[in-house]
Amino acid sequence: MRFDRPFEGYVVGERHRSRGRTITEADIVQFAGVSGDFYPLHIDREYAKQTQFGERIAHGMLTLSAATGLWVMEQGCVLAFYGIDALRFVRPVKIGDTIYVESEVKQLTERSDTAGLVTVHQQILNQHGETVVDALVHMLVAREGKK
Amino acid sequence: MRFDRPFEGYVVGERHRSRGRTITEADIVQFAGVSGDFYPLHIDREYAKQTQFGERIAHGMLTLSAATGLWVMEQGCVLAFYGIDALRFVRPVKIGDTIYVESEVKQLTERSDTAGLVTVHQQILNQHGETVVDALVHMLVAREGKK
Amino acid sequence: MRFDRPFEGYVVGERHRSRGRTITEADIVQFAGVSGDFYPLHIDREYAKQTQFGERIAHGMLTLSAATGLWVMEQGCVLAFYGIDALRFVRPVKIGDTIYVESEVKQLTERSDTAGLVTVHQQILNQHGETVVDALVHMLVAREGKK
Amino acid sequence: MRFDRPFEGYVVGERHRSRGRTITEADIVQFAGVSGDFYPLHIDREYAKQTQFGERIAHGMLTLSAATGLWVMEQGCVLAFYGIDALRFVRPVKIGDTIYVESEVKQLTERSDTAGLVTVHQQILNQHGETVVDALVHMLVAREGKK
Amino acid sequence: MRFDRPFEGYVVGERHRSRGRTITEADIVQFAGVSGDFYPLHIDREYAKQTQFGERIAHGMLTLSAATGLWVMEQGCVLAFYGIDALRFVRPVKIGDTIYVESEVKQLTERSDTAGLVTVHQQILNQHGETVVDALVHMLVAREGKK
Amino acid sequence: MRFDRPFEGYVVGERHRSRGRTITEADIVQFAGVSGDFYPLHIDREYAKQTQFGERIAHGMLTLSAATGLWVMEQGCVLAFYGIDALRFVRPVKIGDTIYVESEVKQLTERSDTAGLVTVHQQILNQHGETVVDALVHMLVAREGKK
């Protein structure tokens, strides 16, 4: 999603597709280190072979975090990350998969004189066009002349 | 939460408190690098001074990711991260704050012969006992004798 | 600089100021690790105290690298980093300093049917408005309809 | 280059070849994180396939930074990185390429009672002996008895 | 080893096998950065080809460090890392190898009213069951009711 | 220690003092990530306050790893890290402490036509001259004309 305008600039139904990012083995190793999540599904090749996935997969939270890095956020436009609803990790992200974020504005809610809530249906897709994560994301956005 | 048993071992209402982790400036810098989210609220001290927070704060996704690292997950017990509902970033996490995860099992749902869904109300607290993140987390857990 | 257009869209004399980034101790530690440059001026507090700077300073190459991260580069617009001229490290960047990039297009040179060279005078400033790095940067940019 | 002597110890025309370093996918991922430069040519495999390079390449600034890590710098000998001239990124560095630095002292300039400028023609080569970066590098070096 | 009890709870002869972790190229790159050890055996593919190992290998200290991350250490149980004896790096760890820690308690020594020393014979194995590191590790552990 | 010669070039009793490195909070955070050792003594400020140390301390293995990065190892001179004996973590390393390595060659052992063992008494000191780690380190070094 592009958070590059004051609240008044968004329209329900507008859509955006982000650029891509390849999730590498190095990303998984780094994410284990940052999060502290060393669950063997992510970092033990021998263990992962025996699971339903057959190989190491990215942490769900890595995919979700990398998606926020694919958003465009202009300074001053975003006040805070408000929340997430109905998030589902639909498919695994494997080493070498490339992810994209497809977004559609679903709801716009005034919160105060200075802030509004932009609710976005966010799908994270892989290079085959398959959805890997599906969620509703709520961002607190500055109102016109208030950023 | 402790995901250290097969599905049959959980009871609605059981609670767990994790150990702590201090969120440092280095964590924020690393997380910006891993996620690609360089929004100035997290990495620009001059900008952050002028926001409602008055200083740089941790990415919401960093706090959430660090919480997964505070879970105890025994090998074979967790099959997959299923999803998240009703997540709200309630308070900022500042540099030097220490976070803890308090969990309560809310629902247990059989999904198949091999897996069940454990739904946990997860609160991430800071060192003052204040909730910083509140969410419902769903984990797919192996059934007895099936891990 | 904003590299967000085909070559034909640039005008000599146009200027841009980037958002900021605070250079932290963690950035210096990480940069030593990525570059392999562990010169004690950057990572030994006792040694740095005795130099003309009186404290640890950022690697010049860290400042320069962080500046490229402050550029806006739209996918497909930039073909390659062509080169740098007349780069001078004018002042030290200390832990906690915030840097900004001020750019002015100085020259536009057609290179082929598909690419042009955009030459930018780039000044990296600190939070006091002092220049810390001064350079001419050349970027190979796609021509209209060729990206 | 070896910066392991006071200024008086250098001779115009002296040459040095550094040891090597392989640039890995992990280096590119880490460098994107440290610099903040997530341009898709470096981190999106699908995008990179469609460029003139056909695959992801290292950031020019990563190659340049890694070269500084291949210099030998004895404590006290180097006072500051002074500047760079005539830098050209001549060829791409691909994942798995190994780089070396070949240096030749071109000029020696007294700057003060305590410092001199050592100007070095630096070529960064790959494992095939091809130049990937070519530049003039200026280092401020301590004079005899002044470090 | 599981350090999850007060000193009184250990028995000479008890054994434990940890879960696994795959040592990746990214781990080696990161460890070079954290330790500052850029010896070419670890980070220069061309050089490593000509050694007795024929390829890059993990730093011995990386393997040893990753082994401590495979220990289970309950908060309050471990007071301090006391020391290591008779450590031998027996076989190389190559990129993609998975390591496990096998431990056996060899000796229990009271040190004070509050602490005891647990001496563990630790073998780090690879996925073929071969020992790669062999050592005696001494941990200072809290006594009953003293943690 | 300087491992910059063939085996024949070492003399029992020769000594060396390395340059320094300050151990920062960022180093501890990174090392937790690389090793997977998130024991709260290192990463939880609230917990650490209540221990005998009163604050977070560096992982023993971080100090030991950083010491290897302070060695000088010329390409081809070191064949392998052979082992460690009598290692004791004598004092804690706190955030902001600077470490140095003092080495003395204790024993020289021919191992084959191509390799010899150099045994070094290594003391890691802090900026107050106090020993923090004491160990005997064995390195396998190339013999003359055999590197």
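Going in written order, the chains are labelled A, B, C, D, E and F, and every chain counts its residues from 1.
One rule holds in what follows: a residue touches a chain if its C-beta (ideal position, glycine included) is under 8 Å from a C-beta of that chain, and two chains touch if they have at least 3 such contacts.
Since the structure is predicted, the reported quantities are computational estimates derived from the model, not experimental observations.
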Output for shared partners of chain A and chain B reads D, F
Among the chain pairs C-D, A-D or B-D, which one reproduces the interface of A-B, with more than half of its contact pairs identical by residue number? C-D
Taking mean CA positions as centres, which chain lies farthest from chain B? D
Since chain B and chain F are copies that touch, is their contact same (over half of the numbers shared) or different (under half)? different
Compute the centre of every chain as the mean of its C-alpha atoms, then state which one is farthest from the centre of chain C. E
Between chain B and chain C, the Cα-mean centres are separated in Å by 36
Chain centres from averaged Cα atoms put chain C and chain E apart, in whole Å, by 42
So, in whole Å, the Cα centroid of chain E is separated from that of chain F by 16
At which residue positions does chain E touch at least two other chains? 19, 21, 24-27, 29-30, 33-34, 36, 38, 40, 47, 69, 75
How is the touch graph of the chains shaped: line, ring, star, complete or other? other
What pairs of chains are touching here? A-B, A-D, A-E, A-F, B-C, B-D, B-F, C-D, C-E, C-F, D-E, E-F
With touch defined as at the start, can you tell me which chain B residues reach chain A in the complex? 21, 27, 30-31, 33-37, 39-41, 47, 51-52, 59-62, 64-66, 68-71, 73, 75, 78-89, 92, 135
Would you tell me which residues of chain C are touching chain F in their complex? 24-26, 29-30, 33, 38, 40, 43-47, 56
Of all residues in chain D, those that touch chain E in their complex: 19-22, 24-27, 29-30, 69, 96, 98, 127
Under the stated contact criterion, what part of chain F meets chain A in this complex? 30, 32-34, 36, 38
